[in-house]
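Listed next: structures, encoded as structure tokens.
Across the two complexes that follow, subunit A remains constant while its partner is subunit B and subsequently subunit C.
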Partner chain A sequence: MNLSYLFDAAHWDPSATGSFPDLLLAHLGYVALALLIGTVIALPVGLYIGHTGRGSFIAINAGNAGRSLPTLGLLMLMVTLLGLGLLPVLIALTVLVIPPILTSAYAGMRTLDSQVVDAAKGMGMRPWQVLTRVELPMALPVLFSGFRSAALQVVATATVAAAVGLSGLGRLMIDGLAVNDYSRVLAGAIVVALLAVLLDLLLAQVQRWIVSPGVSKRF
Partner chain B sequence: MITFDDVVKVYPGGSTAVDHLSLELPTGKTTVFVGPSGCGKTTSLRMINRMVHPTSGRVLIDGQDVAGQDEALLRRGIGYVIQHAGLFPHRTVLDNVATVPMLTGKTRREARTAALGLLERVGLSEEFAKRYPAQLSGGQQQRVGVARALAADPPVMLMDEPFSAVDPVVREGLHKEFLRLQEDLGKTIAMVTHDIDEAIKLGDVVAIFRQGGVLAQMGTPQELLDHPADDFVAEFVGRDRGFRGLSFDSAADLPVRELTPDLVLDDKGRPEGWRVDGGIKALGGTFTTADSLRQVTDLAIISPVGIAVRVDESGAADGLVRHHDLADHLAARRGRSA
Partner chain C sequence: MSRIRLAATAAGLATALLLSACGSGDDPLASDDSGASSAPGTVTVGSANFAESELLAEIYSQALEAKGVTVKRQFNIGARELYLKALQDGSIDLLPEYNGALLSALQTGGAPEGVSKPEDVLAALKKVLPAGTEVLDQSAAEDKDTLTVSQETATKYSLKTIDDLKPVAGQLVIGAGPEWQERYQGLKGLEELYGVKFKEFKPLDAGGPLTVNALKKGDIQVGNIFSTDSSIKTNNFVVLDDPRNLYLAENILPLIRTSAKTDAVAGALNAVSAKLTTENLTTYLAQVQVDKKDTATVAKAFLSENGL
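So, the complex of A and B:
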């Protein structure tokens, strides 16, 4: 294993284009945008389906369909249709993010204790208050685990951005392969893997902060 | 006063849950809806706070039709207690109790201060305030449920099978506490139960429903036990209703005999047992003038010598009741009431 590329100080200069910090930032940018857009789309839909029980086949099938869609193929299709740029990459990554969030939002709402919801209504909470003050806090562990698995998948898959000329940690692999610089490919793989692990640890910590001890049973 | 005025509830699909129900729940009293499952008792209860909407007819609270009122505002003015308490698992006990005051615009501080007082009121010490519902027993959860329903001091309380999810010993304790609280607070309470014993024990008025959402009979527990309207009610209140009816007769006016030397007393005059054939046998219990004839009868039956022992406030024995004294007393009572 040749780790020379990874440990070359020149590749860690934040001001240099194509350095680790530069690529990392771009990579995280794609990840954050895809998660944001995906959450904005999938969360309300999943909550609505889970809340009303209407259209549950969408939520159930979304998970399977989403997993079987090859992101690289979808990306190439989008590039063919829309041309090069950020948009096709974001669409491909968002499509990846939606299923786990949609499915977990649905599952989180379906498994709520109906007695507690009944109590909330009976005490005079308005529908919006029932959702935000009772249902969401109770469904949060399930919801958040969906978000975590979406984040992990998109961190790994955002490397495809480099395949259509964009930045991100995928550059190391695409460019390394192009010039047979396997040290660079290896560095890219290691950094992506580390990033995925660190992100998951961070999200696990966030989950611990935002989920009530009464729900997580960590008293 | 809560009034049901010719209320009908037909569910989509055509099944009738409540069939032309008209009744009044008196202010400041506990009215218990009781009946077999599928008799419409819970549906009726839930029409009071608009959790269920009647197909026709009206439900009025103090003359005001609930149908015209904002659902959320109406419900904030009505305490609501359900079977498994339905506490919010993500909130502490204190914040559960503070829920309705917070909804009605009290500050967090005011609501929490009031909530602390209520916890004490339902017999939970301050140390429970910071716990989460999952850390409580079923009986404790139900107490918190009652405190939460009382938090905004609503004049009306709805209780849907509030004590049925706890074991009999805990239920007994909760019953006592319920009666004590209600004596203090005098809320207008509508309660649902499937347990006729509970209904008789807790209700000032009991409404017995039959299948199909029809009111079979409504009256005080004593009226239902003494004069059931038909076979269904007689069957429902039970075959031993004569014995159960004794729970409503106070032991205060039951004549007692003087103590006999067979009764062993300690130096403070408290009874310890009966001298039988040279040995000493356990009493099995004592009663006071605050107990019911049912208790006295029970004691006379289990006593090794067939005699129930009465004690005064200090616990000192002050009278005896034999089997046949009870029989005479009951015969005299029947003579008076006939």
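So, the complex of A and C:
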């Protein structure tokens, strides 16, 4: 095992293309964009389905079908259809992000204590207030855990961007394999694994901040 | 606190697993059975694990059989590291090789710079062949790196050779395997030998479907495609000449154990090499890869159409 690539200071120079900071930034960019687009699509749909109970088969089936799609295969299909560029990568990653967020938003809303919702209505809250002040805060732990698992998956899978000529930490693995530089492949794998763990720890902390103490029972 | 500790433990475990998985020193390509030497009078023909090598091995086999030589087929062995070992220990006697790639593999430090013409490569190769093996006549057929452009690009910038790229390369995007960024026979050589510097380099696959598709769609204007790839013909791509011989010659030639080389064997194989060209190999290979025909049928057609 050879860690020389990982610990070579020249590979940590932020101004050089292909350095760890450069690739990390690009990688996080793909992750952030995919999470943003995926959340914008999946969250309202999941909340609506959970809130009204209508179309729940969509949430369940879309979730299951989406999870079974191989990202690399989908990416290659998109590249064949759309050509090279950021768009095919974003589509493939967004498809990966949507199922966990959609199903967790739906599940979070469905598992609410209906008596609490009734009480909120009884106090004279409007539907919008019921949603934002009661349902959402109470569904947040489940919902956010879905977001965390989506983030974790996409941070590891965003390496596929390198397979179609883009940047990101996958470059280390793909280029390393191409030139028989296993030290570089190993460095890429370690950095991606560490990034995934760090991101999850960070999101766990965010979850503690944003979940209401009344829900998490931590006063 | 406990959650953080759990996560940290998980991270540690994951890293340990990863490292131990990478740390094992076993060579995944090494095979245990050394393979018995073939019976006297029989020639065991091997091939690498890709379609072109298998087709060539089948052509060699049928050409030998036509001359009354008993042939044992041992195809699809694997990568060069593996089949060279098989050749040296006598489990196979003969296989199709590429002069440039074989030279790069045998010469420590790779093929010397400046050696790229077919005859130079062959001369250099003969000096480094493993003991007990030799090469026969090399054919005109080459499966080598090319710079290829679409018909439209070629017309628009009137491109015929790599030299013609020099004034316009600044507007063009090139796509090739990721190794091109670092290899002399990639971007470095293009810049040093031809003074060609492209606007952008897109790391794709080495002459694979991604590169072909990107060239078709215009995402890249110049692509690295192998010279026997049938997609060149089907898409009307234009292969740019390499007048300064940046790319190593990759002539196809038989690599054989001296013990198996009789006059009949050498005669039959040299007759095949004399007929083999890049164009006819591309055509016959396309029958295997595009039309999904059986290798043996295609090899037979090649031999009968060339009077062998």
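FYI, the second predicted complex is superposed on the first by the 219 of 219 C-alpha atoms of A that agree within 3 Å, B and C clash if a C-alpha of one lies under 4 Å from a C-alpha of the other, contacts with A are read in each partner's own complex, and residues count from 1 in each chain.
By definition in this document, a residue touches a chain if its C-beta (ideal position, glycine included) is under 8 Å from a C-beta of that chain, and two chains touch if they have at least 3 such contacts.
The shown structure was predicted, so the numbers you read here are calculated from the model rather than taken from an experiment.
On the superposed subunit A, the positions of subunit B and subunit C stay apart, so the two partners fit side by side. When both complexes are overlaid on chain A, the residue A:36 reaches neither subunit B nor subunit C.
Here the apex is the CA centre of subunit A, and the angle it makes with the centres of subunit B and subunit C after alignment on chain A is 160°, in steps of 10. Using the contact criterion defined above for the overlaid structures, shared-chain residue A:87 touches neither subunit B nor subunit C, since it reaches no partner.
Of the two partner chains, subunit B is the only one touched by A:217; subunit C is not. After overlaying the two complexes on the shared chain, residue contacts for A:178 are found with subunit C alone; subunit B is out of touch. In the superposition on chain A, contact of A:123 is made with subunit B only, not with subunit C. Judged by the touch definition given at the top, the superposed model places A:197 against subunit C, while subunit B stays out of reach. Of the two partner chains placed by superposition, only subunit C is touched by A:189; subunit B is not.
When the two complexes are overlaid on their common chain A, residue A:16 makes contact with neither subunit B nor subunit C.
Using the contact criterion defined above for the overlaid structures, shared-chain residue A:115 touches subunit B, although it does not reach subunit C. Remark: least CA distance from subunit B to subunit C after fitting both complexes onto chain A is 22 Å. Contacts of subunit A with subunit B, set against its contacts with subunit C after fitting on chain A, share not one residue.
Residues 49, 51, 71-77, 80, 82-92, 99-100, 103, 131-135, 145, 148-149, 158 of subunit B are the ones touching subunit A in the complex. Within the complex formed with subunit A, the subunit C residues making contact are 3-4, 7, 10-11, 14-15, 18-19, 22-23, 175, 177-179, 181-183, 202-204, 206, 210, 213-214, 217-220.
Listed in rising order, the residues of subunit A touching subunit B in the complex are 113, 115-116, 118-126, 129, 134, 137-138, 140, 211-215, 217, 219.
Looking at the complex, you find that subunit A touches subunit C at residues 1, 76, 79-80, 83-85, 162, 164-165, 171, 174-175, 178-179, 182, 186, 189-190, 193-194, 197, 200-201, 204.
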